[in-house]
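Below are two complexes that have subunit A in common, paired first with subunit B and then with subunit C.
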Partner chain A sequence: MNKRPFLGWFASPSILIAFGITASFLAIVQYSLRAHVPGSLDPGGFTLENFTTLLKAVYGQAFLNTVLLCFWTTVFTLLIGYPLAYAMIRAKSLALRSAILLISLTPLFLGEIVRTYSWMIVLGNRGFLNASLIQLDLIDRPIDFMFTMTGVVIALVHFTLPIVVVMLAAALSHIDRNLERAATSLGAGRVRCFLTVTLPLSIPGIVAATSTSFAWTFSAFATPQMIGGGKVQTISTLVYQVGFASFNFPLAASLSLVGLLFTIAVLAIFNTGIRRLEQMGAH
Partner chain B sequence: MRKTPLDRVLDWTGRLLLAAILGFVMLPFVVVFIASFNESAILSFPPRSWSTKWYVNAFEYRDFGLGLVNSLKIAAFGATLALIAGAGFAYVLDRYDFRFKALLNSVLMSPLIIPNFTIGLGLLVLSAAASLPRSTWLVVATHVIIVLPFVARSVYVSLRNFERRYEQAAESLGGTPVHVLWTVTLPLLLPGLISGGIFAAILSFNEFTASLFVVNQSTKTLPVAMYDYVREYADPTLAAVSVMYLVVVATALVIVHKLFRLEKVLNVD
Partner chain C sequence: MSTDPPADGPSRTLGKHAVKIDGVSKSFGKTVALEPVWLKIRRGEFLTLLGPSGCGKTTILNLIAGFLEADKGEIFIDDELVTQVPPHQREIGIVFQNYALFPHMSVTQNVAYGLRTRRISKAETETRVREALDLVKLQDFADRRPKQLSGGQQQRVALARALVIRPRVLLLDEPFSALDRNLRTAMQVELKEIQSRLGLTTVFVTHDQTEALSMSERIAVMSRGSIRQIGTPTEIYDHPQNRFVSTFVGDANLFSADLLRKTAQGARLGVGGTTLDLDTYQDDLPDPGPVTLFVRPEQCTLTAPDQPGAITATVALSVYQGSHAELHLDCPASEDGRVMLRVPCGEAQDAGTKVGLALPQRGPAIYAKEGGPE
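== the complex of A and B ==
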């Protein structure tokens, strides 16, 4: 009798998809090594020129912008997300918990366009924020949020917040409350109990949320494209621009390949960090 | 336990902080709601006069209707195919050891790390290299690749918590593998399959970046049609679309929360 019924049937569709993923990855590698023929969508002969082109200042600036956006977005998302996750897990009333959960999760299911467009209306020169500040006589002229790093970071924090809250809430919900009770009964105040018990125990969750926040921000396209408006170039906006404005798909391919290698390197560092933390926890 | 003055201060700081953060999360949606009723095509706060004409405009704009139909079609096909492939994969991953299992797993999960713009570009150049047309099927394939890891994980979690004894009982009573699968395994897995499928459909419906690379004028999805609209027009029609989008999503979430309790679904209980 067959010891592994359905193995072939069940594995085949996913194997087919795995081949598709591999093929499209190889297509990017192949394109990245081909010359761009202006005016033609077909690539030319083999060359390493695309990668030397990437050394130009404009691409370095895009890398720097992307890293800065990832950094600031992650910092602010954690600072805002942690209290939100904490309140969601620890709120005493069920209604309040449900409300926090629904409000923080709804943006996750709204897609990048709705959220980014909404922020354009908030942050624009005639937008809600500037109009309110002017009417309150706090400023004379509108502050530039659109087409600036600040504006992009504000919208990206909003974009990344739900997934970070979910990850932090999962980590916080698995902390044994008895440890906190023990600390309190031994005379630790609430602040001390949080700083010496709860916060350290949630570090693995914070690290996991940090790496996810990094990957999300790195992959974000609509937000830097629409709020940055070409003034804040990132790797994602440049890949699109090089591909669809100049039709230089070989260069777009090499740029996304370098970006991908960079992501993998950063995530590998995070994973090593997580493993170290787990080993420390085991001892 | 009596509350010290410090406790009071902490309580109130916490409440204010929570209110401020929730305000930040809701701010853009409140603002977009107000803007959608702004009569003039040029934004102003507060609006000088009110109108519902942008809602009418949203319904009359052809690309939104076309995009909605495309998105629903693509989400339905994409979620179904991802569910079939993902559930099958989760099953063999949970039950069997086979050659290249780890490799297959890392390739299928790689879209969690690969940015969506890279996935879109990859499928675009692949279809160009293979001289395939930029059809609806290309968009469906892109979405299947992107949502498969989420579906596979969700079904895999259900399989991990699965009580194997029911299957063993059915087998020992002489059930053939097909019979056991059909009458025991599938019904028990059904909740996991349904939630995985719904999740996949929502992700696919919202997907924008990868789609932007692989669609053409006739296969445009709703998010891409919305993006194109912002680039061409500055009027609040998109605010009206956003409000409708928000209402549909929020209603669906409240229903799901009432039925399944979201904190259980997300494992944050």
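== the complex of A and C ==
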């Protein structure tokens, strides 16, 4: 009777995962509504106090930092990732294509801690970047990258690049080459052809890459924690600090929950905006 | 060579040949896509590249358009050497097999694209786009998006977009292969009308021999990266110069024959137990020995089985075709054991009937045996 006899078997792991996620999510919701008992790991009675605590400036600043980090990381990742993806799809030589793929994917294989430590070495006051800039006489004094927004963004761009390059490359590879050839035959040079055909047709890919990059950066923890060094607080680093330095699980839970809702809201607003734009374009 | 007033833009010298391909070859790694090819296309001519898939037709178009660089040889457009000219400066109109309409632009924007790149004034652009849409009967669809149009309408937009820039040459790569049969016939007529009205030099690519025969002024038949014969449709159909052309264009009966000796008019052959003195149109004949004799179905006539000079055969199958019947004969003299000919429906015979087959003196051709030198 069943046309796809293995479907149940294939689906069962996902049911298990869904169950796990739902359970932990409910646990977080439950924790977020409980009072913190100082000195105890067990929560107290039900309360909404955790959420009112979140209205304090320090948490607001963390939200703002997180959004700024996401924004700048996404902007720079797109600016670097688009040309990389384009070259990867269009390069004639297979060796060049493979090299680009390899270079853009390595951050995935490095592991978060190794990658972030490498960046600490590069970004330090006596690190590779400052040493090079001073050697080249471009600057007199080292620029502060460590424990600054700039440093965190640089490292996060590296962290986000692989996923963005892969998504943009997928989008670009679906653009029919004949469209560019048609534009060229109609008199469009390379730049015009890119601006009027390739770029507009890759917008869906850019949109997808932007949302993903945003969510990806939003959840980053080790990079802002180690390179920000407590000076650049984000929602994730704050959750860690509240939960595992102060052992205030209920507050950490409510912070996580608000962070999650916040991400969903930001992505929803973004997607609605894009759909509006598309509808305007269609008429 | 004459100098006509320019249609628009800088003045051009108009030579006799709209396109000249001079010993151009192209390989992709180890794959030879095109052997060195020589081809001259006259101004205003409708030339078709006909050949099976993979024979290098698209490669020739891409070389003319400038999307590919030739390994060797030169390409001239209007007697101007364009081998080094980038594609966007070649002023060539192209219609792609999949139309390649810009999906994010309206019909009008698609057609206007080539005028905007030329920085033509807004007023003139409007007029010319309207004219082009009139030409392909799409006035009422100007504001639609490509995906809101049928296949045939998209085809017309592609044509209008290529024509509106007044190209020096129009290239079409299997433009009708995605259309159903009725629409294809209608579009063939329409394209042919527009082409002759504008006197537009056109290179048309197809693998469909019927389409090639009905539309072209000249046909270049290609196989495996080289041109096997160039000529008018009549020349190609009536006087194929080699075995490939004879079988690719139209139906062919191929007999195993023995070339006994060459004569003043042609050759004396032994075929199916009789001898045949052939008047040939061919430039070269193979050497005496085993050869292939090529005869069109309509050149064979049925006779009584015992008629002197006739080849014996047995009716295997008769297929009713409406206007006529196709008679398939078992014939030992044929290379594949079968011969096909067309007869009026009333003269169809039952399977198993013994018949004779008479071959004419004029019309058939002699080719070297398959696998031997051609």
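Methods note: the second predicted complex is superposed on the first by the 248 of 283 C-alpha atoms of A that agree within 3 Å, B and C clash if a C-alpha of one lies under 4 Å from a C-alpha of the other, contacts with A are read in each partner's own complex, and residues count from 1 in each chain.
Heads up, the rule we're going with is that a residue touches a chain if its C-beta (ideal position, glycine included) is under 8 Å from a C-beta of that chain, and two chains touch if they have at least 3 such contacts.
Just so it is clear, the model here is predicted, and its values are computed rather than measured.
Based on the superposed arrangement, let me know which partner A:Pro200 touches: subunit B (first), subunit C (second), both, or neither?
A:Pro200 contacts subunit C only, not subunit B.
On the superposed three-chain arrangement, identify whether subunit B or subunit C touches more subunit A residues.
B
A:Phe6 in the overlay: touching subunit B, subunit C, both, or neither? Say first, second, both or neither.
A:Phe6 sits against subunit B, while subunit C stays out of touch.
Is A:Leu41 touching anything from subunit B or subunit C once the two structures are fitted on A? First, second, both or neither.
A:Leu41 contacts subunit B only, not subunit C.
Applying the touch criterion given at the start, work out whether A:Ser256 contacts subunit B, subunit C, both or neither, answering first, second, both or neither.
After superposing on A, A:Ser256 lies in contact with subunit B but is clear of subunit C.
For A:Thr52, select first, second, both or neither according to whether it touches subunit B, subunit C, the two together, or no partner.
neither
With the two structures laid over each other on chain A, which partner does A:Val114 touch: subunit B (first), subunit C (second), both, or neither?
first
Output check: A:Gly189 vs subunit B and subunit C. Expected answer is one of first, second, both, neither. What do you get?
both
Intersection of subunit A residues contacting subunit B with those contacting subunit C?
189
List the residues on subunit A that touch subunit B in their complex, please.
Result: residues 2, 4-7, 9-18, 20-25, 27-28, 30-31, 41, 80, 83-84, 87-89, 97-98, 100-107, 109-115, 117-122, 124, 126-128, 131-132, 158, 161, 166, 169-170, 173, 189-191, 215, 218-219, 221-222, 226, 236, 239-240, 243, 249, 252-253, 256, 259-260, 263-264, 267 of subunit A touch subunit B.
Could you pull out which subunit A residues touch subunit C in their complex?
Spelled out, the residues of subunit A in touch with subunit C are 176, 178-179, 181-189, 192-193, 196-197, 200-201, 281-282.
Within their complex, state which residues of subunit B touch subunit A.
Going by the criterion above, the answer is residues 6-7, 10, 14, 17-18, 21-22, 24-29, 31-32, 34-35, 42-45, 81, 84-86, 88-89, 91-92, 95-96, 98, 104, 107-108, 110-119, 121-126, 128-129, 141, 144-145, 148, 152, 177-178, 181, 202, 205-209, 212-213, 223, 226-227, 230, 238-239, 241-242, 245-246, 249-250, 252-254, 257, 262-263, 266-269.
Applying the document's contact rule, which stretches of subunit C touch subunit A when the two form their complex?
So the residues of subunit C in touch with subunit A come to 65, 67, 86-94, 96, 98, 100-104, 113-114, 117-118, 145, 161-162, 165.
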